[in-house]
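Each of the next two complexes has chain A plus one other chain: chain B in the first, chain C in the second.
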Partner chain A sequence: MKTLAENPLLALRWLLLLGMAVIFTAANSYFPAAGNIFALGESFALLGLVALGLALTILAGEFDLSGGAMVAVSGLIMLKCGADNAVLGLLAALAFGGLVGLFNGIVTLKLGVSSLVTTLGVMILLSGFAVWLEGGQAINFENYDLTDAFNMDWFGVLSPRSVITIVLFVVTGLMLAFTRMGRDIIAAGSHRKAAGMAGADVRGAVVTTFVLSGLFAALAGALLAITLGRASSTFGANLLLQGASAAILGGVALSGGVGRPFGVAIGVLVLAVLNNGLGLIGASSPAILLLNGGVLLIAVLAGGAPATWLRARLA
Partner chain B sequence: MNIIRSTFGALLAGSLLASASVAAEGAQAGKKVIFLGADDICEYCAVYNDQIRKLAAEKGIDLEVVTNKFDPAQQATQVDQAIAKRPDAILLWTIDGTALFPAMRKVQRADIPLLLTDVQPDKAREDLWVQYTGGNYEEQGSKSAQLLINALEAKGKPLEGGVIMITGIVGQAQTISMTKGFTETLADLAPNLEILGAQPGNWDTGTSTQAAAGLFTKYGDEIVGVYAAEDIMMQGVLIAAERAGLDPTEMAMVGGGCEPVGIKNIKAGLQYGTVLQSPVDEATYAVQSIVDLFNGAEMSKSVYVPHPMVTAENVDEVCQPWPTN
Partner chain C sequence: MSAATLSRTSGFGGLFAPARVQATVIQIATVVMFLAACAFIENFASASNISSILYAASTVGIAAVGLASVTISGNLFALSLGSTAAFASIVYIAASGWGVLPALAASVALGLVFGLLQGLVVGWLRCNAIISTIAAGSLIAGLATWVSDGRTVLAEGGPSWLGSGTLIPGVPWQAVLFLLIVIVGEVLMQRTRAGWELRLRGTNPDAAELAGLRVTRMVVLSYVLAGAGAAIAGALIAAQSGTGNLRVGADLDFSAIAAMLVGGVAIGGGRGRIIDVASGTLFLAVLTNILLVNNFAYEVQLMVKGLAVLVAVTAGALLARKKR
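Our next item is the complex of A and B:
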């Protein structure tokens, strides 16, 4: 009970996740099937990387709006540069993502403008760049051996993409918990001035979160392009909102400094399970949208007075 | 001529379906089929979805309809889910003509028969599916070019000047095919008609209004004809033309689909013509494809719905109102 007392909201999210899993299993016996868990992992992999990068910037007291557009651009770069050599395409996509993240961080700090403004501009630029790269043509990936390799299942339920995402969540969590950079990122989002005066590398921490956000979104786009065998300027359009929802569901405070990758992973899983389960039972798109909004509202509202009440009861 | 073509097309389609139905004998009854389609958010899709539910029920098919909001990544996941359910067949309205190839390969490896509807991917990969039924988009684009030429001739105008295009979503297989059919036919039949510009209307009236407004501003009086790949996009073009002070009756305005708004505009004289693509036809053909699959009928790789050209002369005969709930 001590854990519940320390973090009742995390417990609530676990309960929400487990409750949904029980309900969907009761509603459709295919929910716990290996093939469906594999599908869940694929959803987790795509949304997870974008949500993780976005959550890092929020943790540092900023916000990166360019993640969704980066998914589209990096997918196109992956296939344009990697038609003959997939590794080259992947490196080009990651390099682009990292550089755009670096640009976001430096411009935000140097010009002293809100990162919302900086990344909004970059998001629009990236969207235009994606359409230009696409050039009105279908950009396909003919290396189906590699596509099949990335679509293969490990132990029936995992894919290379979902494993990569899980590993990055773990590594990022360890980085935040055990490295100076991690502590600086949290400090930058908590009390930036005080952290700076105490010797924390606030600027380095902020830039690092933008670079990581760009890298994670680029990786998500490149892996999506490989697994679909296709890239398009329209891909990733909904990921920004979903990523922000997952981060908030996962306990990341928009004010900065609060939240951890483990919580974000739970937030991503909540959305993935909700959408997967509703799709499995044949819910209509309006119903799925309404329930997504409903779950987000419940999770956010639960962070107010109910959480205080729960904490007091369990302490 | 159009009436003859459309009547012939309808009769041919009807006879094909009738002959296939005779061979059916109901082996499809009770078969579990998962249909992965498009969301009801698009009117065409909503009519299609309603029709396929109704027609499948009439044939005794246990059809599960799963839709998505035009997101290929989500649809690829839905394919994984569908495979996990081990249905007798999967009917796929692929949201993206090529992004679902890896998912189709999974269906093939799972040894589940795959039928396609509405969107025909690259035929080079047709080993992945048993049969495609639906529109022939290159033919539609080609007939739209023919209609545009007919429109200019009917208005007594020379076959020269500028043409603008409002296309579907950039990169989509159907957009590419329609554009290819239109541009190639126009170049063949009227080489002095120059395509001045093209903008995506994304199968949406609002986007098409903005796209057309930009082209009208840029090219103005040089424009003698407009091709919008769908009637709801032509509606946007007409709004933009009115705002720009241009008279649409002076231009050759050609849409696509024979949709309710297109029928209205054709009857009002604002739009010269359209090319039929009916959601009722597509759903009917898709259900017939399922029936044929389970009854061992010989199945060709591609079966296209009829695409007669439509003008004010034959609109009432060819374009039937879409059924409503």
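Our next item is the complex of A and C:
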């Protein structure tokens, strides 16, 4: 009861996750099978990287709206530049993601305006750029060996993508907990003025979160393109909203400075399990939309006045 | 900033005060761009082209005016406008047998209810504004899919006056409705107690609450207005095309946010006026139309729109800084 009193959201997302796992297992015996865990890992990898980057910017007191559109653009760059040499394509996609992140960070700080505004402009720009790159047709990847390599499974359940994503979650978590940069990022999101006066490198921290957000989103897009063997400007359409939902569900406070990558990972898992399970039991599309909304509503209520009331009663 | 925000802008100096300079520049730019396009682009000034600009501007603009009340009151933005518009388009077509005004009223009623519910969740239950509206967007889309069975609803009979009628050639009734909503919104926001309280809530939520303003009611009101605006936008799109479906308003959320920001409404709340929303909307609509009549592709239009947001915001920030 103690954790529930301290942080109802924390307990709630575990409850949601375990509850859904039990229900879906009961409803469809394929749910806990290795093949499905593998598929879950794939959705975790895609949404996870976008949510992790977005969560970093929120931690630093900003908000990167451009992550979803970046997934589409970077996938297209990956296949356009990587048709002959996949490493070149991956580097081009990552370089583009990092540069756009750098631009987001520097422009936001230089202008002293909200990053919601600057990254909205970049988001619209990127979605236009994606359609332009695509040139009217989805692009296919001819390097079947690489696609196959990325679709192999380790121990039946892990894919290269999910392993890369898990590693990045761990590294980001360690960075936030144990490095000076991590402390600066959290300080920048908690009380920026005070952090700057206390000697934290606030500007460096904010720019770093945008660069990482761009890099993570670009990596998510490039890996998606390799795995599927094709890229399209419509990839990433819902990722921004889902990523934001996952981050908040994972305990990241929109006001900045509060949240951990581990929580974000749980938030991503909740959404991934929900949609995977609903797909398995053949839920209708209104049911999927309503349940997604319902889960978010529960999460949002757990962060509002009802939770404060509950906390007061339990304490 | 708050003094400049709240005092009525008067005279030339007021127009270029730090809090107003971006809005003024965009208003001038819109007029200059419009006149230049009339002079240099063939057929731009034709009645049919002007009316196509106004059709595009009216729907996005009405949604953006409603949204602006949420932004100005300090809750950033709502992400449920697109699905509200989609549901409203389905209701409008389904009710169109009763006549244009009852159908419009039915759609608006739907928007009011959805807005009220979101307002209660954000204002009264104090839940996170962004995630509440994402959740609402998903729930509304789910309901709309369930009600319509995922199908497109077709209107019976011919086009209505609201869909394709014009006051004078080049000025559709939809644009007249947009103008009326802007005037009512501007007066409500600038000249009434509710408008003052709403803006003060955005300038400083804590101070507004401590000062005893009706903060909760204002937040609820702002979401009710946003829901109504989105619903009217959806009904207008449905009236234009004679169809209602789930794709109506697909990019309404971010188009409305972009229009509002370009016009000079501050995302952080408290700063900006309803006429700014109208000028931002017209600016983007004229710009998009110029690209369209010059045969630029959809992707170029999108990229230019993104650049316009960045340039407008950059210019606004730099000009405001120079003044300080």
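Following the convention adopted for this analysis, the second predicted complex is superposed on the first by the 295 of 315 C-alpha atoms of A that agree within 3 Å, B and C clash if a C-alpha of one lies under 4 Å from a C-alpha of the other, contacts with A are read in each partner's own complex, and residues count from 1 in each chain.
Here, contacts are C-beta pairs under 8 Å (C-beta built on N, C-alpha and C of every residue); 3 or more make two chains touch, one makes a residue touch a chain.
Predicted, not measured: the structure shown is a model, and the values here were computed from it.
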Query = Thinking of the overlay built on chain A, is A:L46 touched by chain B (first), by chain C (second), by both, or by neither?
reply = first
Message = Looking at A:G199, would you say it contacts chain B, chain C, both, or neither? Reply first, second, both or neither.
response = neither
Request  = Figure out whether A:L296 sits in contact with chain B (first) or chain C (second), or with both, or with neither.
outcome  = second
Task = Once the structures are superposed on A, label A:L241 by its partner contacts, choosing first (chain B), second (chain C), both or neither.
result = second
Message = Quick one: is A:L111 in contact with chain B, with chain C, with both, or with neither? Answer first, second, both or neither.
response = second
Message = Let me test your reading of the model: by the given contact rule, A:R230 touches which partner, first (chain B), second (chain C), both or neither?
response = first
Task = With the two complexes superposed on chain A, say which partner A:V131 touches: chain B (first), chain C (second), both, or neither.
result = both
Message = Touch test for A:G121: chain B only (first), chain C only (second), both, or neither?
response = second
Task = Return first, second, both or neither, reflecting whether A:G282 touches chain B, chain C, both chains, or no partner chain.
result = first
Request  = Determine where on chain A the residues touched by chain B overlap those touched by chain C, and list them.
outcome  = 131, 285
Query = In the complex of these two chains, what residues of chain C are touching chain A?
reply = 76-77, 79, 121, 124-128, 130-132, 134-143, 145-146, 150, 254, 257-258, 261, 266-268, 297-310, 313-314, 316-318, 321
Query = Which residues of chain B touch chain A in their complex?
reply = 39-41, 64-69, 71-74, 76-78, 80-81, 83-85, 96-102, 105-106, 169-173, 176
Task = Enumerate the contact residues on chain A facing chain B in the complex.
result = 30, 33-36, 38-39, 42-43, 46, 131, 134, 136-140, 144, 147-148, 151, 224, 227-230, 232-235, 238, 275-276, 279-280, 282, 284-285
Ask   = For chain A, which residues count as touching chain C in their complex?
value = 107, 111-114, 116-118, 120-132, 241, 244-245, 248, 254, 285-294, 296-297, 299-301, 303-306, 308
